[in-house]
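Lettered A, B, C, D, E and F in written order, each chain numbered from 1.
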Amino acid sequence: MAEEFNTGLPSTRQVQTAIKNKQEVELKLLTNDLIAGKVKWQDSDCICIVDHYDQPTIVWRHAIAYLKPKA
Amino acid sequence: MAEEFNTGLPSTRQVQTAIKNKQEVELKLLTNDLIAGKVKWQDSDCICIVDHYDQPTIVWRHAIAYLKPKA
Amino acid sequence: MAEEFNTGLPSTRQVQTAIKNKQEVELKLLTNDLIAGKVKWQDSDCICIVDHYDQPTIVWRHAIAYLKPKA
Amino acid sequence: MAEEFNTGLPSTRQVQTAIKNKQEVELKLLTNDLIAGKVKWQDSDCICIVDHYDQPTIVWRHAIAYLKPKA
Amino acid sequence: MAEEFNTGLPSTRQVQTAIKNKQEVELKLLTNDLIAGKVKWQDSDCICIVDHYDQPTIVWRHAIAYLKPKA
Amino acid sequence: MAEEFNTGLPSTRQVQTAIKNKQEVELKLLTNDLIAGKVKWQDSDCICIVDHYDQPTIVWRHAIAYLKPKA
């Protein structure tokens, strides 16, 4: 939980770029849920996605299978 | 288990805000269960949700896929 | 495995209270099994539940989704 | 992987007792497999179960949901 | 998250070789998704696969079951 | 990722013995896949299995449920 967040990691930087560019992404979860929207913020535990109505979903990293740009 | 709880994380603070505002939330679990209610407390391992009858459910963080405000 | 067990955590204390009060609880597991009974003991890795015949089930914490008082 | 194995934990000691007593146990896994047999050895990563033909199955702890004495 | 990335591990070096050789691989995920393509980069948290249209998929390591050369 | 690999663990030594003896094994994964073949190498993150055509499959340890000698 309290482990340091490595903002220098390529994966962290790619998510950071997605935030800056307000890029639409898809997050596939271990539950098989597919969460689509824009990345609002990330921290060491979670990634927050907002949908078209600006409703946030806070996704725990341990539950993420993959992230990709929305097709 | 005994790792320090980082109360400064955005995700932790958002959960803290939900507690303070007695906001209704939905927790989606890796079991695909959906737990709805108000967040009562959180610690480094768990988040406690109480339902309309004030019955608590202690959810382990490792089992959480996502949290969002109840629609 | 050998990490220190934080007995001061709210979640740990609630489980401890359930032990002391011989309270009936339900443990939902990531396998979707539901284990019901009284909490006998806990350590940093496991929670032990005993059923009506005093048969123990040692549940690993990493497999627990949630715990709640039996309805 | 290399973390120290805490042989003083109640859960570890109960498994150790099952080894000494050649007790029949059931291991329920996150895959929903049920492995039955006697516990041969344990280390910080795994628990080894041998069946009636003395065939070993090395089970990773992270995959274990629960352990109980065979009914 | 911030733990050091051990580039000397055989598994890490094999992934690095796949990147250098632009080798087609298959990643099987815990969701049972099969991601096919070339490995673009890896870090301590993720492995990035690009498909035939050069679309990236950032896969979290914790969600990977196995990797093999595409048949 | 970079944690030290404890080659003294019984489980690690048994896998090492399987490598030396070119023993056929079965790996059951959390995806319920069954990977059969010979163990080629192991490191702290992965175990590599090669099939009859000498094709390697790099399996992440976190995805392994159990390993047993092929029947």
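The criterion applied here is as follows: a contact is a pair of C-beta atoms (placed from the backbone, for glycine too) under 8 Å apart; a residue touches a chain by one contact, two chains touch by 3 or more.
This one's a predicted model, so the numbers in the text were calculated from it and none came from an experiment.
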| Quick one: how far do you have to rotate chain D to sit on chain F, C-alpha fit, nearest 5 degrees? | 60
| remark: Rounded to the nearest Å, the gap between Cα centres of chain C and chain E is 37
| query | Just how far, in Å, is the C-alpha centre of chain C from the one of chain B? | reply | 19
| request: Go ahead and note the Å separation of the Cα centroids belonging to chain A and chain F. | output: 32
| task | Return the residues of chain C touching two or more other chains; collapse runs of consecutive numbers into ranges. | result | 3, 29-30, 44, 62
| So that chain A leads and chain B is second, what is the order of every chain round the ring? | A, B, C, D, F, E
| note | Seen from chain B, its contact residues with chain C in the complex are 1-3, 29-31, 33, 35, 41, 43-46, 48, 55-60, 62-63
| task | Enumerate the contact residues on chain F facing chain D in the complex. | result | 3-6, 9-12, 14, 28-30, 32, 44, 61-62, 64-69, 71
